[in-house]
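Same chain, two partners: subunit A is paired with subunit B first, then with subunit C.
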Partner chain A sequence: MSSVPTVLIVDDSRLSRMMIRAFITQAHPDWTIVEASNGPEALEKAATQTVDLMTIDLNMPGMDGLTLATQLQHNHPTAHIALVTANIQESVRQRAAAAGMEFIAKPVSEDSVLACLSALENRRA
Partner chain B sequence: MIAPVVPHNSAASSAPFTVLIADDDRINRMVLHAMLQKDGHTVYVAENGQEAVTLFEQHQPDLVLMDVMMPYMDGYEATSRIKALTGERFVPVIFLTAMTDAQALVHCVECGGDDFLHKPYKHAILKAKIAAMERVRQLYATLQSQKNALASHHRRLQREYEVAEKLFSTIVHPGCLDAPHLKYLLSPMAIFNGDILLAARKPSGGLHIMLGDFTGHGLPAAVGAMPVADIFYAMTAKGYAISDIVAEANQKLKAILPTGVFCAAALLDLDATYSQLTIWNGGLPDVLVRQPSGGTLRRLRSQHLPLGVVDNTRLDRSVEVIELMPGERIYAYTDGVIEASAPTGEMFSQPRLEVYLTQDCAPEQVFETICDGLTAFRAGGPQRDDLTLIEITCDAGLANHPSTEATISSVAKAPACWHMALALDAMTLRTLDPLPQIMQMLMALQGLHAHRERLYTILAELFANALEHGLLGLDSELKHTPQGFVAYYTAREQSLAALEHGWINIALTHTAVGPAGQLTLRIEDSGPGFDYQRCPRDLAANTTHSGRGIPLVRALCQALTYHGVGNCVEAVYVWSQEETDVSQHTS
Partner chain C sequence: MLNLTELQRDTITELLNIGMGRAAAALSEMVSEEVALSVPSVEVLSRRDAAVLVREKGCERIVAVLQEFSGFFWGDTMLVFPEDKSLDLVHSLIKDTFPLDIMTEMEQEALMEVGNITLNACIGSIANFLQSEVSSSLPSLLRGPCEVIFGDKNGIQVDHEVVMFLRMDFALHARDMQGCVVFLVDSDAMGMLREHIDQFLSHF
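Moving on, here comes the complex of A and B:
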């Protein structure tokens, strides 16, 4: 794992990506941030680089977030994955938690993103 | 409405009913009457269908027992008429019959019959049927009261929505969006738009435009629009700069919006000649500037977080300034445009929008081409977000078109005698723009609303000269090249931030000259001054960054004179009550 983490932000909303990027950049200006607006684009970008943290919007047109997260986790077993969602079914929560994924509640706030980042740092430590 | 309580599990007991019996056979009537009376029901009897309808109208019974074959009017016809009279009430009709003919029984139901009672009558069966009907009737009554409650709730909500919408559109009004150099597309998802588009003329000429996109859509998203619009219009009218409006709006939204709800916004400030754009973009997609010939777009990226995310101590209110060429067109839009989706789920996207902007197209057709392209792309699919697009044409000719806005109707106060003096030191000048406060005082003291734009222009130009040339020592030559303007602006910001010494004194003196009023503005700075007698041409060519300059001030004033070493200027402005009224009608 490289010393400077790379974060992949997957969200179909430009504004949501921008906010998550801003919150991460404010806390960690040196981190590398990659954005993708849908599942296929995320898979393509993750294939060519090491990714340490991914935030994935659960509700996206086309490939849904959970399917994408499962595939990305398979390809990047060491990556830390956080699902971003407004409301979540208990069954989804259980499956995701069993797979070791985190949750960031929507609307995304600075606190929830930073809490997720510190979880990542604890893992790396 | 409260329905009577009746035990549901007991066929033997039911609440007392008012029952109408219609039978031409006297024995049958007597038997039924006796049974019903024994159970405590009130009974009316009719000997034929016609009488049954009449009695029904008179007594509004809860239940009807109806024979089929009767003289004058048979049971089918009577039932049809009675059912037509019940309105929203459920009145069960039980047919009394010895028939077993399926077709006849079907006809009973078709006429509105709810059940059958077969002859010979048995008391227990009759009781059970009445109890069953009572259950249906109760269910019906409950349903009806819920339906009524829902309908009245819906009506109330509708009324409240209408009132709220009226209030909303009064506060979040479009300002001067109908100006000829502006084209816009507003496509809200619901009655309340989570996108806001506001435009207002500045007191010094030129225009402020604000485009905002609140998180989410509908009413919750629109609530924040009201204070923002209020702040935008009030502060623009008072002569505040967009960075001040940004700070005020941010503070307000940070205080009132719940966490996670914010407003991505761009504020644009166009000067009076449309040769300069000042912009603050917090979270909106790139604002694009298109040359008349198409080609490469100039891009004004978001440099800031949206409004309402961080408090003012962490807010970056710095703006970007660019020079505009005649005929250039500025495009600002919300995410709803680039994230509009086709029925396949594919997004319209930023690259697709830029194709429309760079392709070969007559400049005046570009906006319509984008709108048509967007409609075709969406192909009637569902709209997922509010969608707004605005085009601003940089054409000074169009910009000076007379306003269709209502002028503030306020009558000037009778000319009074007063004096106001303001001494501003370096620290104050670094942190405060004194002009809005001075204008406010001026309006409060003398009510010269009709003269506001002219007075503001005079004050702004003279103050800018004192600050930029007197104190900061900037060279106005710098402004006369396209790149020079930005350099000038940057130098101004840097020098002002570093200003340690110096002062500017502003004095306003008002006197009455017969029925007229005379306002003298005197501005003196601590700078070295200039030889105003030897270089009048320099003076004529000196336009400040607002693009108007001393020649305009001279045209607006009765007299403009320099004193001392050129570090003190005095402007005399004369107004009269008649002129005030006339200009109010024509402006």
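Moving on, here comes the complex of A and C:
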């Protein structure tokens, strides 16, 4: 586990990545943030570094967020993963919970992102 | 006039994604089953070409619940599904508990209500996200060929008018039913939306 956490933000929406990055950077300017706009790019970037937290959009072209998260979980078993989605149906929440992932509803807010960061910090403490 | 930067287009797509997330949750509660969602799309094209895109998804004759919305931007939004599936949706809504004749009688009312709830969930969350306000008209139910419904503006056929066309498909797999929610936004309204988006983006 590295001393400064690395966060991987995966979302096909640049807006969404910008918002999550801004909320994290405001709270933790020293954290390393890596962005990916799709599943294959995320897998490629995660393969070469330790990742402590991943925020993964569900509804992306090509590989969906749950499939991606399952693959990333396999390679990064200690990482904290949050599924970020506008699809707030109960069935989606349940799938995220069953996969051991946090659920963050879009639009993300400063509060929801900070709560996710706190969960990560508690795991690292 | 109808140009969008990459970031503006991305933001509009994400707005639709967020809006449809809320709409799908509302629809899912009403029909007691999961609503599958596609990736949203944003295109600038004529009303006729927009209709062709929807028709290609198997919606030649459609039922559309239409609501006009107005406020910081304006336009038409529609919940669209194939005409031959409209009664199936009513079955889902009222849980098959009524005889067919009553169901048929209730069809129009039920479809307008489902449209009203899902479209308002979608429009409302877009407005909330941009910290603005929109209001919407009462829903109306339209039936007919896709081209005719999409090309109509207050009773006049304007099928060559170029609009910003937002679309997101949904499916109820258990009912073998699919449809979409679309927005048709004219160039003036699109200009206003762009201004709001730029203002919003300036915070990041």
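As a working rule, the second predicted complex is superposed on the first by the 121 of 125 C-alpha atoms of A that agree within 3 Å, B and C clash if a C-alpha of one lies under 4 Å from a C-alpha of the other, contacts with A are read in each partner's own complex, and residues count from 1 in each chain.
Please note the rule applied: a contact is a pair of C-beta atoms (placed from the backbone, for glycine too) under 8 Å apart; a residue touches a chain by one contact, two chains touch by 3 or more.
Computed from a predicted model, the values in this text were never measured in an experiment.
In the superposition on chain A, no contact is made by A:P77 with either subunit B or subunit C.
Looking at the shared chain after the overlay, A:P29 reaches neither subunit B nor subunit C. Between subunit B and subunit C, C touches the greater number of residues of subunit A. Shared-chain residue A:P61: touches subunit B and subunit C both. When the shared chain is aligned, subunit B comes close enough to touch A:S109, but subunit C does not. After overlaying the two complexes on the shared chain, residue contacts for A:M18 are found with subunit B and with subunit C alike.
Of the two partner chains, subunit C is the only one touched by A:S91; subunit B is not.
On subunit A, the surface patch touched by subunit B in one complex and by subunit C in the other comprises residues 12-15, 18-19, 22, 61, 106-107.
Remark: subunit A residues 12-16, 18-19, 22, 59-61, 85-92, 105-107 touch subunit C in the complex. Those residues of subunit B whose C-beta lies close enough to touch subunit A in the complex are 213, 215-216, 259-261, 264, 283, 285, 302, 305-306, 309, 335, 338-339, 341, 345, 347. Subunit A makes touch with subunit B in their complex at residues 12-15, 18-19, 22, 37, 61-62, 106-111. Chain contact summary for the complex, subunit C toward subunit A: residues 6-7, 10-11, 13-14, 17-22, 24-25, 28, 34-35, 37, 39, 129, 201, 204.
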